[in-house]
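Structures given as structure tokens follow.
In what follows, subunit A forms one complex with subunit B and a second complex with subunit C.
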Partner chain A sequence: MTAIVQEKEKQTLQQWLKKHGSSVASMGGLLFCVIFFTITTGLKGESIWSASKLSTLIGDVIVTALMAVGAVFIYSLGNMDVSIGKQIGLYSTLLVLIGNSTGSLPLAILACLAIAVVIGIINGSAGELLHMYSVISSVVFMMVLSGISTIIYSNLGTRNISMNPGIDLTLFRQPWFMVLVLAIEYAVIGYFFYFTKFGKYARAIGANQTATSQSGVNIILYRVIPYIFLAVCLVTASLFQMGYTGAASDSTGTGFEMNVMVSLILGGMPLKGGMKSRLSCAIIGSLTFSLLAVGLPIIGVPTNMTFLIKAAIFLIVVLITCRQKGGALPR
Partner chain B sequence: MEKEIIFEAKHMRKEFGPTIALKDVDFTLRRGEIRGLVGENGSGKSTIMSIASGMQPATKGEMFYKGKPWNPGSMVEAQDAGISMILQEANTIPGVTVAQNIFSGHEAEFSKFGVISMPKMKKEAQKVLESFGIGHIKAGDLIDKYTFEDRKLVELVRCVTDQTEILVVDETTTALSLEGREILYKLIHKMADQGKAIVFVSHDMDEILEQCTDLTVLRDGDIIGHLTRQEMDAPDAVKTIRYMMVGREIGDKYYREDYDTSHGSEVALELQDVSLGRIQHFNLKLHKGEIIGMGGLSGCGMHDIGRIAYGLEKLSGGKVLRNGKEIKTPLQAINSGIGYISKNRDTEALILNGPIQDNIVLPSIPALEHKTFISPRAEKKLSDVEIGNYRIKCHGGKQYVNTLSGGNKQKVSFGKWTAKGSEVIIMDCPTRGVDIGVKQAMYTLIENMKKEGRAILMISEELSELIGMADRLIIMKDFEVTHQVERNPDLKQTDLIEYMI
Partner chain C sequence: MKKLIAIVLTLVMLLGIAVVPASAESKGKILYLSNLNSGAQYEFYVSYLNMMAKELGYTVEIVYADGFNDPAGNLKNVKNAYTSDVVGLIATQDGGLINIMEEYPDLWVVGFFSDFDAVYTPEGTSAGVLEKDHFLGLTLGEAYAQEVIDRGYKKVSTCIFPAYAYPKHTVADAGFRAYIANYNETAAEPIEIVGDATVLNFSPLDNNTYWFEDGHDELDCIVGFCAGTTFLYPSVLEAKAMGICNPDMQIITGGFDNDPDLMADCGDDKNIVRLTTAAFESIIWPMAMLDAAITGNMYKDYPGNKTQLDSGIMVINSTEKFEAVVNNSPMGATNDADRLGLAQASWEDMKDFFASVNPDATYQALTEYCQSFTVEGYMN
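Moving on to the complex of A and B:
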């Protein structure tokens, strides 16, 4: 009798692990980083949990996490967006320029939102309408936005611009406000992702577009909507990116799309999207990623080496994920 | 004298998490046998041979092949040793030629200094295709050019070599055209005569009784019994086998017993002068409470009619009308109360890599929505009803569809549309791969749908179910309607076949 009970318990555990294996692994990765940096920074006579380091950590994680939460929608479609970094750069620049010229930050935010939504609509629909991988349209946007940024800064005759001191940005530097906004964004996106047709259809499209289409889902519409959610998240992230320093430059946002991708992968997001996509991947991954960014320099790893370490981790995780049966890179 | 044992499994057990596919099975296969394996969906019949052919390992038990312990690490290893399995699902490699598919894994035979001679491979592949009597398939063509039925034949050619000692045919015939089936039957009898063994997994009782020399019946992971050829020839054999499979009397009622072809006067779906490719000026009026059956050979155009009626094809002429409105997309079709069960279950009807519940509720999501909110409880309730109605063998709606047996997958795709409550249902091969117990339940359900006033367009390659269920039967050949007949007690398959071929 005891043997039967043990056997059943073993099966239940196996089943649970099969279902939650990737969550356990990604959570395990985060816990490992927490324990590792708590011990190693302590050995160096510092603490990663000191008020100043915690503030740096939150400042580092906020932009990536805000972007990644929105990007979960895109990745669940089986897509990726490589124009994220350049979009952050453009919105940060426009926030400063419009804010300075009108003296109104809300007006600057609205202008950025309008542009972000237009980019999102084009990015989301182009793949389906032109029968190409969606990533291609985001590559085009990356190039176009890069060109626009170059034109703006060469016309201005400078490589960086600052917000007028008249516009108060201190709120965007407060850790409690960062956490609050992230929590609100997570709750709102979480609602749409798990409890509305927008999230359900996005995951279904990622899992099998033909079957979803034959079930009456308008593929173009429900491919575009996730990009609109991302657009809102990117403008929010740009506010904190620009607000933290009160400035923008021609290099703002460079490589952010990769930060998002690495964070999502570290968080256990399935690269091919579909039904196993989870929003928690964005938070777990961003935290792990920022812990590496903040923790590695404290323990004496040179800054240039931290990029190499992050790249190595990214490569290992991609290799493991894509070697799984049916694994595929987002398109 | 008993023939030599070629394969033996002792105390074989297979578990998939909490689901036990095989309990403690002893199975013996002898040379010269064409062994039928029958059982309901999820009874474990495909599992036995998938373990023997290296597709998956057993949880417990031993296997012996040609008298020696057998434990293959992969299907390639098993195939090289002489055990080949043709699977139920599509298993060809897309984007490459027929020849490359046939010789996949054996490229070295055609290469010199690391360079593969494609002309040599193509020539050899064509020779093999001709020897199987399917010369219409050209070795140099891309595999994607061919229909599902032809691709299945290419798989057959790839699996069977001179070294094959055991051939496992796993519910393959439902995916083959009539000609394809004849080719397969000829091949398996030839192999049996050569002292090889064949395991034939099928739901088609007529086929099993015609082709097999022995029969093993499974139920819920156990072997229930064996029948010899003599026992299979007994007058009440079908009844006995059905009882063994289901474990209860399923009664004589299978198809509709009435011959009442009356239906509502209102047209529920109309195809008006429709043209698409080789289909020209096709007309059809489906009324409320009517079942129209469409039959023919696989490539006759009947499957296209189903797709056209559901708005999946862009027409070159004519229109599809529902309640006076034109249907041009699946979304318009669903919104106007049309449901469609695709023939291509795994690629078009289901999200395999998704839970049963998400599949069942997918078309019903707008109906479950309350000011953007979709209640998880409402989703579960809707899905659980269908899981119960169809007796889907699973441990809950959260189980992934790709872990289900073929028939249970089909039940999920059927459940999608009954959950939605569609008024017009287009069924393309609705009972493909489904066991008799569930088939009977589905036929009862279809009959009830008619009584409720729903309109049904039933497209099928099984003439018997069309004769058994339809009010009006349309037979197609070469993209044209060749015959139409009303439901009547004297109608026989032989009366219709001449219009199909």
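Moving on to the complex of A and C:
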């Protein structure tokens, strides 16, 4: 009898691990980083949990986390958006320009939201309407936004623009405010992702679009809505990106789409999307990514080596993920 | 599960032990925000800084500047590298410098090594740093001689980077044109500058269009105020191979590249006839200024903060000079010992210019010393 119970428990554990293996691995990675850097920074006479380093960590993680939370919706579709970085750059620039010219930050935010939603609608629907991978439309946007940015800065005659000192941005540099906004965004997006049909259909489309379509789901509509969620998250992230220095430049946001992708993958996000997509991937991955960025220099790892270590970790995770049965890259 | 936790904790402990132990007692750490991350110049600056820091009792940590000089990127990189023992920063980019100085008001900062005249001057994009008490100044290298006239070119054109990014290129181009115009007033055979300056948006010269524009296929020379070794030279080589430009055309430009093939193509009768670059050893200046400020031994004749300094200029415009740079300068070296050995100044040569070492050292002497390094120094 005892043997049967033990065997059953073993099977249950195996099933649980099979189901949650990815979560355990990503959470384990984060836990490992936390323990590792707590011990090793102590050996160097520093602490990664000191007020200044904690502030640096939160400042490092906030923009990536805000973007990644929104991007989970897109990755759950099995899609990816490579225009994220350029969108952040454009919104940061517009926040400064409109903020300076009108003296109103809320007005600038509204303008950015309007543009972001339009881009989201086009990005989300183009793939389905034009029968192409959604990533193609985001590539087009990446190039168009890059061109717009070049034109703006060429006309301004500078590479950097700063927000008028009259507009107070200190709130966006406060760690407590960063955490609060991230928590609110996580709660709101989490609600839509887990408890409404928007999230369920998005994951269903990622798992099997044909079956979802044959179930009567409007594919175009439920592909567009995740991009609108992402648009709102990107404008929020832009606020913190611009608020960090009170400035924007022609290169703001460059490479951010890769940061999002790396963070999500480190967080255990399935590359092919689907029902196993989890919002926590965004937070776990962003934190792990930033812990490496902040922790490695403290323990004396040369900067060029930190790139190498982060790249090696990313490569390992991608290799493991892509070698799984049915593994596929986002499209 | 217990086994798993035990394995994780053991791994953490082992890796923790493997981490480099805390450094010996030092005066603190100096961050070098580098706009380069590879190449002969980068290797030399790192070696030279480390040598000076070791002699003075500091440590140096390289922080890679944002590839696009983005303020937030530079601030983030410095913040990530910042530890409690950091006492100084040598910045080769201006993006985010104001924010860095606001974040760390006690940090001593020196700007160095770039076209910063336009950004640190009162009208520049980073003029705010001039308001900071802890900003010491910068070195700057720029020299454009009358090479075109001396070499007898009759049809030339110019290339620059966008004015919003490198305003000094536009100024240099205007100066070049004015100088040639002045020469043409009395010249028996005037020099023609074909068209306006071609603006390279950080991409190579476009062979699909450039040579088909009026007069470009007959050019004797391209004057590149931009980094011509990267953005002009490969395109010119390709154009010559395709036969769409003057086969005898040559390049005058700035920058340095120790690529063996490129260096072999530099000289009086080669594709590149002149390279102009800041003297490599001029990095002594920011280190000396930082040390003086950190140790509280500021030069008695220091005219105040926010000074600017033009470094010595390396004008490499003959086969002998190119050979000297390749064979006798740190740019041709492959290891730290050779780099330091081939530099024009050893620690013994320079130490008396450091205020913390020599209480009688003067700012005037330091600046003159840093401006004295020329390519001829490698020929002696």
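One rule holds in what follows: the second predicted complex is superposed on the first by the 331 of 331 C-alpha atoms of A that agree within 3 Å, B and C clash if a C-alpha of one lies under 4 Å from a C-alpha of the other, contacts with A are read in each partner's own complex, and residues count from 1 in each chain.
Rule of thumb we're sticking to: a residue touches a chain if its C-beta (ideal position, glycine included) is under 8 Å from a C-beta of that chain, and two chains touch if they have at least 3 such contacts.
If you're wondering where the values come from, they're calculated on a predicted model, not measured in any experiment.
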item	value
Subunit A as common anchor, with subunit B and subunit C clashing or fitting	fit
Touched partner set for A:Leu156, first subunit B, second subunit C, both or neither	second
Which of subunit B and subunit C A:Lys200 touches, first, second, both or neither	first
Partner chain in contact with A:Ser280 - subunit B first, subunit C second, else both or neither	neither
Which superposed partner A:Lys44 touches (first subunit B, second subunit C, both, neither)	second
Winner by number of subunit A residues touched, once subunit B and subunit C are compared	C
Touching partner for A:Gly300 - first (subunit B), second (subunit C), both, neither	second
Which of subunit B and subunit C A:Thr254 touches, first, second, both or neither	second
First, second, both or neither for A:Ile35, with subunit B first and subunit C second	second
Lowest C-alpha to C-alpha distance for subunit C against subunit B (Å)	19
Subunit B and subunit C contact sites that coincide on subunit A, given as residue numbers	none
Touching residues on subunit B, where the partner in the complex is subunit A	15, 17-18, 310, 312, 330-331, 333-335, 340, 342, 347-355, 358-359, 362-363, 365-366, 369, 372-374, 376, 416
In the complex, subunit A residues that touch subunit C	28, 31-32, 35-36, 39-40, 43-46, 52, 56, 59-60, 150, 153-154, 156-160, 241, 244-247, 249-252, 254, 293-294, 297-300, 302-304
Sites on subunit C touched by subunit A in the complex	8-9, 11-13, 15-16, 19-23, 37, 61-64, 66-73, 75-77, 79-84, 95-96, 99, 125-126, 162-165, 201
Subunit A residues within the subunit B interface of the complex	8, 11-12, 14-15, 18, 195-197, 200-201, 203-204, 207-208, 210-218, 274-276, 326
